[in-house]
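Heads up, the next two complexes both have chain A, just with different partners, chain B and then chain C.
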Partner chain A sequence: MSWLSDLLGPLKGFLVPLRQIRKGPVTRKYPQVKRVKPQRFHGRHTLNRYPNGMEKCIGCELCAGVCPANCIYVRGKDNPPDNPVSPGERWGFVYEINMLRCIFCAMCVEACPTQAITMTHLFEMSVTNRDDAIYTRTELLVDRDGTPNYPPHEDSPLTNLEELRKGDGWMRATSPSGRREYEGIVAWTPSARTGELPAERGQSSGTPQVSEDADG
Partner chain B sequence: MRSMPPSKEGRQPLSDTKNAPEMVNITINGIQHEAVAGERVIIAAEKAGEYIPRFCHHPKLDPVGKCRQCLVEVEGPRGKQLLPSCAIYVTDGMVIDTQSDVVKKAQKGVLEYLLINHPLDCPVCDKAGECPLQDQTMTHGPGESRFVEAKRKFKKPIPVSDLVLLDRERCILCDRCVRVADQIAGDPLITFNERGNQTQILTFPNEPFASYFSGNTVQVCPVGALTSTDYRFRARPWDLEITPTVSLRDTVHSNAEINTSRGRVIRVYGATNDHVNDGWLSDKDRFSFGAINSDERVTTPLRKTGTGFEEITWADAIDTVSARLGAMIGTEVGSIGGANNTNEEAYALSKFMRTVIGSPHVDAQLGDGFEPQLAAAVIPRAKIDDIDAATTILVWGPDLKERLPVLYLRVRKAVRNGANLVVVAPTRTGLDAIATHVIRYRAGSGQDVIRKLANADKSMTAILETLAEGPVVTLFGRTSIAEDPRLAESVAAYGRTLDGAKLMPLLQRANVFGALDMGLAPNLLPGRISTTDTDASSHIEETWGPLPDALGRDTAAMLSGAVSGDIRALILVGADPVRDFPDPQAAEKALEEAEFVVAIDAFVTDSSRHADIILPAALWSEVEGTVTNLEGRVQVVGAALPPKGQARSVIGMLNDIATSMGAELTSFDVSVVSKEIATVAPAYQGITRDGIVFTSSGAGIVVPSQEAEIIVEMAPRYASMAPDAVPTEASGSAVIVPAQGTQPLGYIPTDQAVPMVTDRYTLHYAPAMYDDGVITRHAPSIADLVRDPTVGLNPRDASILAVANGSIVVVDGSVELPVRIDEAVPEGSVVLPFNHAATKGLQAVPAVTVEPIRDES
Partner chain C sequence: MTVFIEAAIKVAVAFVFIMLTTLVLVWAERKWVSDLQNRIGPDRAGPFGILQTLADGLKAFFKESIRPTQSIYLLYLVAPIAALIPALLIFLVIPIGAPIEIGGTTYTLQVMDLNIGLLYVLAVSSLAVYAITLAGWSSGSKYPLLGAVRASAQMISYEAAMGLALVPVVLLTSTTSIAGIVDAQQGTFGSFIPAWNIVLIPSFIIFLIAGFAETNRPPFDLVEAESEIVGYHTEYSGFAFALFFLAEYINVFNMSALTVTLFLGGWAGPVPSFLPTWIQWLVPVFWFLLKTWAFVFLFVWVRATLPRMRYDKLMTFGWKRLIPVSLAWIILCAVAIGFREFGAPWS
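On to the complex of A and B.
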C-alpha cells in the first residue's frame, strides 16, 4: 500500500492549514490591538514612592550590585535634613538604567530592600538615540499618584494606562517590608503604585493570582 | 582618661618577638599544632587554620575580651571552660575546642545579643559588604532574632571630628577605636560613656576627636559605627577597585590601598607592611586624595601669555620646550624638584639633565633639607625595624607627629615595648609626652647641646646615662627650616659615637630619598654614587655617554644663578620654591628673571605661575613605578587611574622632549626604565619593579641589598601576568649581572661645628601636618584643618615685649600674627608655622625681630 500513502502524504499536509483557517490568525494588529500581558511580565522599571511622596529608593546600590548585565548605575548622597528626599539618611541622587543592556531578569527588584524598584507592563522603549536608552531618575520615578512617567513617550499611543493601573506584580519570598506577619510567606506585591501595598497571599496557598484576561 | 602604661614588665609580647620564639604544643579540635608560647589563642588557632569569629580582637592592639564573640572551650582542671580566645595565651599542652556545640551555642547567642540593638540598616551603611558583623552573622550567626521589641535609638550620625562620623546605634562596643586612639596614636580622645544599655562611644565634652590618626579608627571599626565624612555614601565596597600602593605624603611610605570607583579615587585604606607602617596611616595619607580629583588640576599644557595662560597642544609644548632648551648651553639649564616623582621618573629626569641637556645642575631638595650624600648614604643606616630593636631612641629632627606621623607611631610602639626615648628639639614635639628625657634648646644653639652631650656636661648626666644603654638609633634631621642644615650632620656624627649606633635621616618630602638615589642632587649620581667617584661614574658613562664636567649647583645656587644670569632656564618638576625655599623672595625673583621656565606640575602654584610653559604632570595614583623611603626600602606604587586630562608621566614627556632635541633618553615603559636603573645604579643592582612585585613578598627591598641579586628580570609583557607566569630561563629571562667594581657610597657624618646664633630672637619655623602645601590645599577634606597661626613666645619674652596671649606682634617687619605664650618655647626663640598662608613670604632666617603692635589711640 505504499503507493497509497505516497499519494495521501502530501494531501495530509494540507490538513494543517485547513485546520488553522478555522481557528483564525495568531498575529495581532499591534499596536491597534494589544495582548494582555501576564501578571509577572517583566517590563521596564519604575522607581516608586511612599504615599507621602517620599522616594522609596535609598541609593543603596544593591540593585546595581546584583545586576548581571551591569546596566544600573546608582550613587547615594546624604539626605538634606530639612527637606529629605527619602526616609532615612541616604537617597539615590543618581539612578540610571541602560535599557539596551538590561536583560529584564528582575534581580534588581528582588534585591531592593525598600521595594523602590519594580517592573511594570511597559515594554515599548524604542529609541532613535543610544543616549535615550539610558533611563534616569526623570524617566523612572513615578508621579506623586503612582503613575509611571515615561518620557520620551509621554503621549505615546502605545501605552495602555488602564492595564498599568490594573496591576502587575512581583513575587517576594521574604517578608516584604520586614513585617513579622509576612515572615516566610511567599506573596505578591503589586508594583507601580505609591505606598506599601499589602501582600496578596495567593502564591503560598496554591492559588496563584492571575488576571482574568491574561492571555494563555 | 586612660594613659599609656609605662611598665615594661607584665606585658605579653606582641605578635612579633625579637628572639627566636619558644614553641609549645597545643591541641585544637583534636589535632596537634605547634604554637608560639605566649601567643593569643585566637592567633594560634588562625595560624592553624581554625578561624574563630571576633570583633574586638585586633592583632596590633592589646586584648580586652569585650565582645565575647571568640569564646572557645579550653580544658582546665575542672573540665571544659568557655573562655575568650583573644584574651588567653597558649601554654604547653593546652586543649582547645572551637567547634563544640557549647561553643557554637555561645557564639550564636553572642551574635544574637549583639544584633539586638544593631539597627540592621545595612542597605545604607557604608560598611555593608565588608562588614565583619555581617560576615560573621552569616557564618556563625543564628539567622533569626527572637527580639521583637523596639531597638535603642540615638541621634545619628554625630560628627566626632571633621573627618569622622559616629553612629552610636551601630556600635557593638568592641573598644577597637578607643584602643587605637589610646594605645597606637596616643590621643585618648574617645571613650565609653554611660552604662548598661545606654553605653556608648563618645568624645569628651568640647574636645573633638582631633587626632592625626583618626582615620585608622574608621578602618578598624568592625561595624559601620565610625565612618569617614569623605567616603560616606560615595560607593559600596563591591564597586571598589583596589590598587596596592604606598603613600607618598611623607618619606615613610606607608603601605596603602587606593580604592577607586568609576574612575575616581573614593578612599585610601591602610595596608599592612609590618616593616613599615603596621597597617596604620596618618589622616594626611588617608584623606589627601581629594587633590587628585581636584578641578583645579592642570590638564593640558599651558603657555604663558600677557594676561595668563593659554591651552596649547602637547606637540606645541614639546616643540617650544625643546627649541628653547636646545638653544642654550647645557650648564645654563637647571632643574629643581623631582622629589614627588617615582624613582623611574627621577632617573629619567637625572639622565635627561645630565646627558640630553648636559647640565649637572639638578636638585630634588629645595634648600629645606640637608647634605644630599648624608641623606642618601649615611652609614650605619637604621631600618624602621631597628627602632623596635633599639634600647634607646634619640630623636633630633622635625616633630615626628607633625611631619612623619607613621614613624611617630613606630617610635611610640617601641617606647610602649620598653625602649628609652630622648627627644631633642627647640620646642614641644608630639613625642615629648612619652619621652624619657626631653632636651629643649633655644633655636640656633643646637651645636651647644651636642657639645654638652659630647663633653659629658654635668647638666646632661641623666640623659647620657640613658644614651649609654645601647643599641641607640638616632633619628636626625632639621628641626626647622630656619635651622642650619649642617646641624643635622653634627647630630648624626654625635649619634654615630653612641653604643650600637644606627642612623636614620629624616627628610620629609614624598620620594626625596628615591630622587637622591637617582642622582637628583648636584653631588650624586644614580645608585648612591658621588660625582667625584671617577670609577663609578665611568661605569654610568658606559650607558649614559659622557657626563657634564662642571660642578653642580644646588637649588640656592641655581636660583641665585638665575638672578645673575648664569642660569638661563629652570625646569621645575613638581617643585614650588616660592613656598618651600627658605627665601621666598629670592625664589620668586629668580623665576621672574630666568629667561625660560618650564614647570612640570599638576597645579598652577605660586612658582609655576611664573613658568613660560606648564606641562601637566600625573600625580600619585596615576603613575606606577618604584619609590624609596627613609630607610632605603624600595616599594612599588601602583597606577589606579589614568592621568587626569592630558596629564602625563614625567618619563613620557622627557622622552618626547629628548626625541625632539634629537637625542634618545630611555624607554616609555616603567618596567624597562626600572631594569635600566637596576643595571646602571650600583645601590639598586638587580632591583626591578617587576621583581619587587612578583618576588619580594610585598614587603619591598631595602637597598643596597644582597637578596636583590636573585631577582630575575622579566620581559615587560610578563609584567602584567600572575606570579606563576614568571618566565623560566628558557622563555627568555636572564638574571641581572651586577656591575663589577662599583660600590655605593657610604657617607660618614662629621661634626660641622655650626656657629651659634646669638641674636635676641631666633626663629623656629616648622610646618605642621596640615600646612598650606599644594596637595593639602586642594584636598577638600583636610584643607580646612590647618590650624590658626600664632607666634609662640616664652612667657618671659612676652613680658619683656609687654604682650599677652592674642596680642598682635610683627615678626621680621612683615608677618603680623597673634601671640601664643608657651612655656615650651625657650627664651629667645620665636615659633612660627612654616608653609602657612599667614607666613607666606617670611624669609626663613635664623634670627628675626619681634615688635609688638601698640594701640595708637
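On to the complex of A and C.
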C-alpha cells in the first residue's frame, strides 16, 4: 500500500492548518488585554518614598554617574531644616530621565544607595513630542501611598478634552513645559498646578540656571 | 410583458444576492483564514467584524483613483468594469434552487436557462482574460504589463483544461443546459447514493484545480502575487481596484456554485415532506448554499495551506498533466458511454 500513502502524503499537509483551529488564536487584543510581565521586568523607573511619605532620593547623583547612556540628570540641594523632603542632608530637587536615551539596563537601580530609584512593570511610554520623553521628578515620583504616577499622559491635555478648554490648554499640549523659557524642569502651570513657580523679583530662582561654570 | 417583469425581478434579486454574498464572503474568508493561522482576524467593525468589508468598500469608494500619466485612460477605466461584468454574468445561469410553483405558473430560481448554458459559462469566463490584459496594458507601466502577460497565459492554459473536464459531464447528461444537468443528477444509484456527476472523479478534480487557476486563487495566484512578483492591477487604486477585488470574490463564489451545480447535484438534497410548502421551497436553496459554502471554505483552506506555485511548474502542470489526463478521460468516458448506449461491438 505504499503507493496509497504516496498518493495521500501531500494531502496530509491540509490537516495542519485545520489543527490550528483547535489551538485558537495566539493574538492578544493588546489595548484591552495586557500581558503579565515577568517579575524582574525592566520597565519605567519610579522614585520611591519611605512609608512616612519622605522621598528616598538624597540627590547623590550616583545614578547619573553610573548611567551608561548618560540619560539621567540630577541636582541635589540642602534639605530645608524645618520641612525636610528626604531624611538625609540633601534631596534631589531636579530629577530627569530621558527615556529616548535610556536603555533600561537598571544600573541606576543597582547604584542607588537608598533604593530610591527602582524599575516598574510600566511599559507604555509613547509620546507625541520629544520633550515629553524626558520624565521629570513630578512624573517619576510615586504618590504618597506608593502608587507609581501612571500613566503620565493619561490626564495630559492631548487626551483630556476638558484640559484643552482651559486657558493655556493648547499651549501646554503643544509645548509640554508650557512656557517658552523652559529650562529643564516643568515650569509652574497654573491650570495643572504642576511644576515650580517662577522666581519672584529679588528671589533666587528654583529653576537651575544651566551654564558652563555651574555644571562644569 | 410579464416575461420582462419576471426577468427584471430575477436580475435585481440575483444582483443583490451576489453582492451580499460577496460582502459576507470577503469577511468569511478573512475570518476563516485567520482561524487556520492562529489569528483573530477582523473584529473591530460590528459584531465579529462582519461590517469590515463594508467599511473597506466605503474606504475604497472615497479614495482617490490615481490616474497614471502614461496610461491609456479610456481602457484603464474600462478594464475593471470588464472584469466585473463577466463575473456577474456567469451567475445568471446558475440555478440556486428547485423550480417553485405559484398559482399554476412555474418559476425557476435561475435568471435564465440557456440551452447552451455550459458553453455560455466557458465563453463568458474567458472574457475575464480581456479585462486583465487591458488592465495591464493600459496602465502604461512595465510591471502590470508583465503581470498581465503572465495572467493571460495562465488563464488561457487552464481554460483548456477546464473545458475538457466538462466534456464527460456533457457526455453523461447529454445536455448543455445547466438546469438540465442538475435535473439529470436528481436520481439515486441503488437506493441511497445520490446520482451526482462526482462519479466522474477525474473530471471533478481537474475542474476544481482549473477553477482555482481560473479565479487566480492560491496556489495559482501568480496573477496577483502581491507579496513578491507584481500583478496586473499595480497601478490601480481606490474604487477601480475595489472592482477588481469584487470581481475576484464573485468569481470564487461562482466557481464554487458551478462545481456544486455540475458535479454535486446543485440544489439536490432530501426535502422532508412534512414541512409546510414555503419551507419546502427553501430547502433546495439551503442545500445549494450549504454545498457552495463548503467549496468556498475549500478555497480558503487551500489558500491557508499551499504556497504559491512557480510559474514554469504551473504551465507544466496545466499543459503536460491536466490536459493529457482529461483527454484520456474523455476517450475512456466516450467509450464507456458508447458501450452503454449501443452495446459492445463484438456482441
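Rule of thumb we're sticking to: the second predicted complex is superposed on the first by the 129 of 216 C-alpha atoms of A that agree within 3 Å, B and C clash if a C-alpha of one lies under 4 Å from a C-alpha of the other, contacts with A are read in each partner's own complex, and residues count from 1 in each chain.
One rule holds in what follows: contacts are C-beta pairs under 8 Å (C-beta built on N, C-alpha and C of every residue); 3 or more make two chains touch, one makes a residue touch a chain.
Just so it is clear, the model here is predicted, and its values are computed rather than measured.
After overlaying the two complexes on the shared chain, residue contacts for A:G88 are found with chain B alone; chain C is out of touch. Greater residue coverage of chain A by touch, when chain B is weighed against chain C, goes to B. Once the two complexes are laid over each other on the shared chain, residue contacts for A:G13 go to chain C alone; chain B is not touched. Judged by the touch definition given at the top, the superposed model places A:P31 against neither chain B nor chain C. Once chain A of one complex is fitted onto chain A of the other, the partner contacts of A:P51 are absent, as it touches neither chain B nor chain C.
In the superposition on chain A, A:I21 makes contact with chain C only, while chain B stays out of contact range. Once chain A of one complex is fitted onto chain A of the other, the partner contacts of A:E61 are limited to chain B, with no touch recorded for chain C. Once chain A of one complex is fitted onto chain A of the other, the partner contacts of A:K77 are limited to chain B, with no touch recorded for chain C. On chain A, the patch touched by chain B and the patch touched by chain C do not overlap at any residue.
Put simply, chain A touches chain C in their complex at residues 13-14, 16-18, 20-21, 23-27, 29. Contacts from chain B toward chain A in the complex involve residues 121, 123-124, 129, 148, 156-157, 232-236, 238-239, 262. Of all the residues in chain A, the ones that touch chain B in their complex are 58-62, 64-65, 73, 75-78, 88-90, 113-114, 180.
Residue ranges on chain C touching chain A, taken from their complex, read 34-40, 43, 301-302, 304-306.
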